[in-house]
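Shared between the two complexes below is subunit A, which has subunit B as its partner in the first and subunit C in the second.
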Partner chain A sequence: MRKRGRKVTAACCAGCLTFLAAACLLAPVLSSCDPNLVNPLKKFAGMSREHPLGTDYLGRDLLARLLWGGRNTLGYAAAVTAVSAVIGTGVGMISGFLGGAADRLLMRGSDVLRAFPGVVLVLIIVSILGAGIGNVCIALLLTRWIWYARMARNLTREELSRPSILAGRLAGSGWGAILIHHVFPAILPQMLSVLSVDFGGALLSISGYSFLGLGILPPEPEWGMMISDGRSYMDKPGMMFWPGICILIVVISVNVLGDLLRDILEEKRT
Partner chain B sequence: MWNNFALRQIGRQLTGLLVLLFFVSVAAFVLVRLLPGDAATAYLNSINAPLTEEAIEEVEKELGLDAPLPVQYGKWMIQVFKGDLGFSYQTGRPVTEELSEDLRYTGALALTALGWVLVLSLILGTFSAGHSGGAVDMMIRIFTFLGSAMPKFWLGFLAVSLFSLRWKLLPVQGAATWKHLILPSLTLACSYIATYTKLLRNSILEVQSSPFVLHARSRGFSKRFVLVRHVIPNAMTPVFTTLGLHLGGILSGSVIVENVFAWPGLGRMCVDAVAARNYPMIQGYILLLSVIFVTANMLCDLACAAFHPRLRAGGRT
Partner chain C sequence: MGEVLLEVDDVTRAYGSKRRGQKQILRGVSFRLQEGKCLGLVGESGCGKSTLCRILAGLEKPDSGQALFCREPVGSKKVRGKIQMVFQNSLEAVNHHQNVLQIVSEPLKNLFHMNREECRKETARLLEMVGIAPEEMKKYPRQFSGGQLQRICIARALGAKPELLLLDEPLSSLDASVQAQILNLLSDLRNDLNLTCILVSHDIRAVYYLSDEILRMSEGTVKAIPSLDTIIRPERF
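Up next, the complex of A and B:
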């Protein structure tokens, strides 16, 4: 019963994610409107065949903006997560394998940085390099990779202490081969569960900074920025509702998937 | 009581935090020295003086900009310790003065949010654990998933459109009365309430299944007495140890919430300052936030060590 409930939940979440991602990828097919085309005659148009979700305060088609905006939001969040996961896992595995002073430095660094307010780093970088999504991504990368490194380091040390590793060594495998063929596959599921939850965090950060006007710059659409556009027109809830609900669905789905994966892994362990 | 291990641990954490503070201060220093248009022109602009070559040279000498960078950094640090962070380009008032005004608002917001987090997550977590598996538990768990995934900027507007615009219960924006504080602080607290409710639920369930609870019950203490007197205090341990971890997030989150509710705090000020390229203010904000973060984290570590003998002994009981 429990297992079946889990499968249904996982399928629902994965379905939602696939649906939204596919819709955003197919934006040119699904909507013939230009997301940045201003049409002052059609401000705040209601739902119609031509504009399925209506238009915003500049007469831009909301569905087109939602889909193209999703490409930005999801794309940048995925990019930040992927890069920080790859760098973090690599550094963490090497650090866990080598141990010694470098390893201690990494752990100390992550201890100190673990709770540092991200906004300070973003402000430093944005003030020096200027506002823009690329610079926000750099700032996010700087703090996020260290989480993966910490996790990968601990898991690697745990794996390396297993007798199977010793057996591999006795059979003549080099350390490189052991790390790549034995340790990496073993820690991968755990890392994926961290990655899933972290993707939600990255998405919230990216849309949050765009909301503040530091990330994606207008007129390019982005979900957080669309919500910011809607703030002056609270009587027209459509502008704010759709991007918000999209963010909510994506973040809930990845959080639930990450939690499920972690639960399954923990059960397997015990 | 305070054995060497604990002291070493705290000392280590302290040096780490101080190193971090040093790097942040260097970054803040470099920030203003890397200005598009150098510091001398920026200064002349800020006092509305004409930009002649002689004037620039004179100001450079006066500000000590011809000295090597480490010397400049040292001089600047001395100024910072004296509380002199320069003048805001936007208003012409001392940065320290502006920051301390805004800090009061952000402090009120963050502390109220923290209060909500502690009170509400304790109530929700206890209920959820008490009715584990039931309908109440299910509803609270759905809330924790929703709450932690909700973007703060969206939640804020939803709350405003419901409570302020539709039902007209609370003010929309601003910071005039205590009523203005309710929506922003709850918005800021929401995701942490969700996190801590989940944490407390699991922690209470874990403590409840430990032998000393069974012992207390078999001695005839009522369920409620054992829960309030023994289970909850023990279950609160992970809450306090992770509170320091979320502090940075609360401070970052306040930037978004302050912008949604036009709350005149640090976060709103700094986004305005970035838009206006008001570097002295950005610099002040970065320094102030880092100092707050470091101090609060240290206090949190010390408090944890003081309240929990087990942690003090470094995990050895």
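Up next, the complex of A and C:
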């Protein structure tokens, strides 16, 4: 019964995510409107065939902005998550494998970076380099890879003492092969779980910084910035509702899917 | 009388740091093992049997003393692959993300640089040798019982064509009937391949059955148990 419930939840979350991602990818097909085309004559237009979700305060098509904005939000969040996961996992695995002074040096370095509150570090970097999604992504990368590195390092240390790894060493596998063929598949379930939570976090950060005007710059659409635009027009809830609900769906779905994926991979392992 | 294959001289090993306190596991262990012989190693839990095995396999370095295999230090490149180990918990000793073919062919690829077809043939031969049907080589570890997995681990160890096989409590995670099967398999393999082995076990009957000589470990040192010639061994376990 519990398994069935899990399957239904997973299917719902995967369906929602696939639907949103596909819709954003197919933005040019699904919406013929230019997301940045200003038309003051049509501002705050209601739902119609021409504008299925209506228009915003500048007469821009909300559906087009939602879909093109989703490409930005999801794309940058995925890129930040993927790059920080690759860097962090690589550094963590090497640190865990090397042990000794190299491990201490790498981990203390990550402690120093971790000691700064992420938001403060991002604000410092953005204030030095200037606002813009590129700089926000760099700042996010600097703060996010550490979590992967610490997790990968601890898991690697644990894995290296397992008999299967010792048997691999006796079978003549080099350290590269041990790390890639034995350690990496073993730590992958936990790393995927971290990755899914982090993807949600990265998406919220990118939307949050765009909401504050530090991320994607106007007129490019982005979900966080769309919410920020709608803040001044509380009587037109559609401007905030659609991007808000999209963020909520994506964050919940990736978290639930991440947990389920970890459980499935762990079950498969044992 | 066979040649001395393994010489262990005054090996010591301690765990922990000097600042926080060390626990001395091995205190000057010395013995010799002749080619073709089986040495049984018995002793209570925590006396250092598994640590000694890992040192002999070259997986750990001793704090002092040395272990020489054919007059070469264990763990050196010249000894690579010649010493293999079968671990206590077969479930933990295999990579669950690899199928049997990948597990057993690991030493074949690394040590003998066999191609895919050669690996497949040799894996089938090794599996047959340990009593696993070659058709099962595409299966994953979770599809096997503990006894079958231990056979697969033995097949992987044999794939490296070892001259010394370290059996670190290979029976302890198995039930009684499977223990007997594995013990008989080890006995047959020993006779067929003229393997030199060290059997670590709590089961004194198993040690008597398979070993030519026995060492008792206690508080990090070894003591020989007098001649086994007086013991009447059963034909089959």
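Here are some notes:
Keep this in mind: the second predicted complex is superposed on the first by the 250 of 270 C-alpha atoms of A that agree within 3 Å, B and C clash if a C-alpha of one lies under 4 Å from a C-alpha of the other, contacts with A are read in each partner's own complex, and residues count from 1 in each chain.
Note that in this section contacts are C-beta pairs under 8 Å (C-beta built on N, C-alpha and C of every residue); 3 or more make two chains touch, one makes a residue touch a chain.
Since the structure is predicted, the reported quantities are computational estimates derived from the model, not experimental observations.
With subunit A as the common reference, the superposed partners subunit B and subunit C fit together side by side. Looking at the shared chain after the overlay, A:171 reaches subunit C, while subunit B stays out of its contact range.
By the touch criterion stated above, A:119 is placed in contact with subunit B alone, subunit C being left untouched. In the superposed model, A:264 makes contact with neither subunit B nor subunit C.
Legend: residue contacts after superposition of the two complexes on their common chain; A:224 is shown touching subunit B, with no touch to subunit C. Of note, the Cα-centre angle with subunit A at its vertex and subunit B and subunit C at its ends comes out at 100 degrees, rounded to the nearest 10.
When the shared chain is aligned, no partner comes close enough to touch A:37: not subunit B, not subunit C.
Counting the residues of subunit A that each partner touches, subunit B and subunit C differ, and the larger count belongs to B. Using the contact criterion defined above for the overlaid structures, shared-chain residue A:10 touches neither subunit B nor subunit C, since it reaches no partner. Legend: residue contacts after superposition of the two complexes on their common chain; A:111 is shown touching subunit B, with no touch to subunit C. Note on the superposed arrangement: subunit B and subunit C approach each other to a least C-alpha distance of 10 Å. Of all the residues in subunit B, the ones that touch subunit A in their complex are 12-13, 16-17, 19-20, 24, 27-28, 30-31, 34, 145-146, 148-154, 157-158, 160-161, 165, 244-249, 251-252, 255-256, 259-260, 267, 270-271, 274-275, 277, 279, 282, 285-286, 289-290, 293, 297. Remark: subunit A residues 162-164, 166-174, 177, 181-182, 185-186, 268-270 touch subunit C in the complex. The touching residues of subunit A, counted against subunit B in their complex, run 108-109, 111-120, 123-124, 126-128, 131, 200, 204, 207-208, 211-214, 224, 227-228, 230-231, 234-235, 237, 240, 243-244, 247-248, 251-252, 255-256. Chain contact summary for the complex, subunit C toward subunit A: residues 54, 57-59, 80-81, 83-85, 87-89, 92-98, 106-107, 110-111, 142, 153, 156-157, 159-160.
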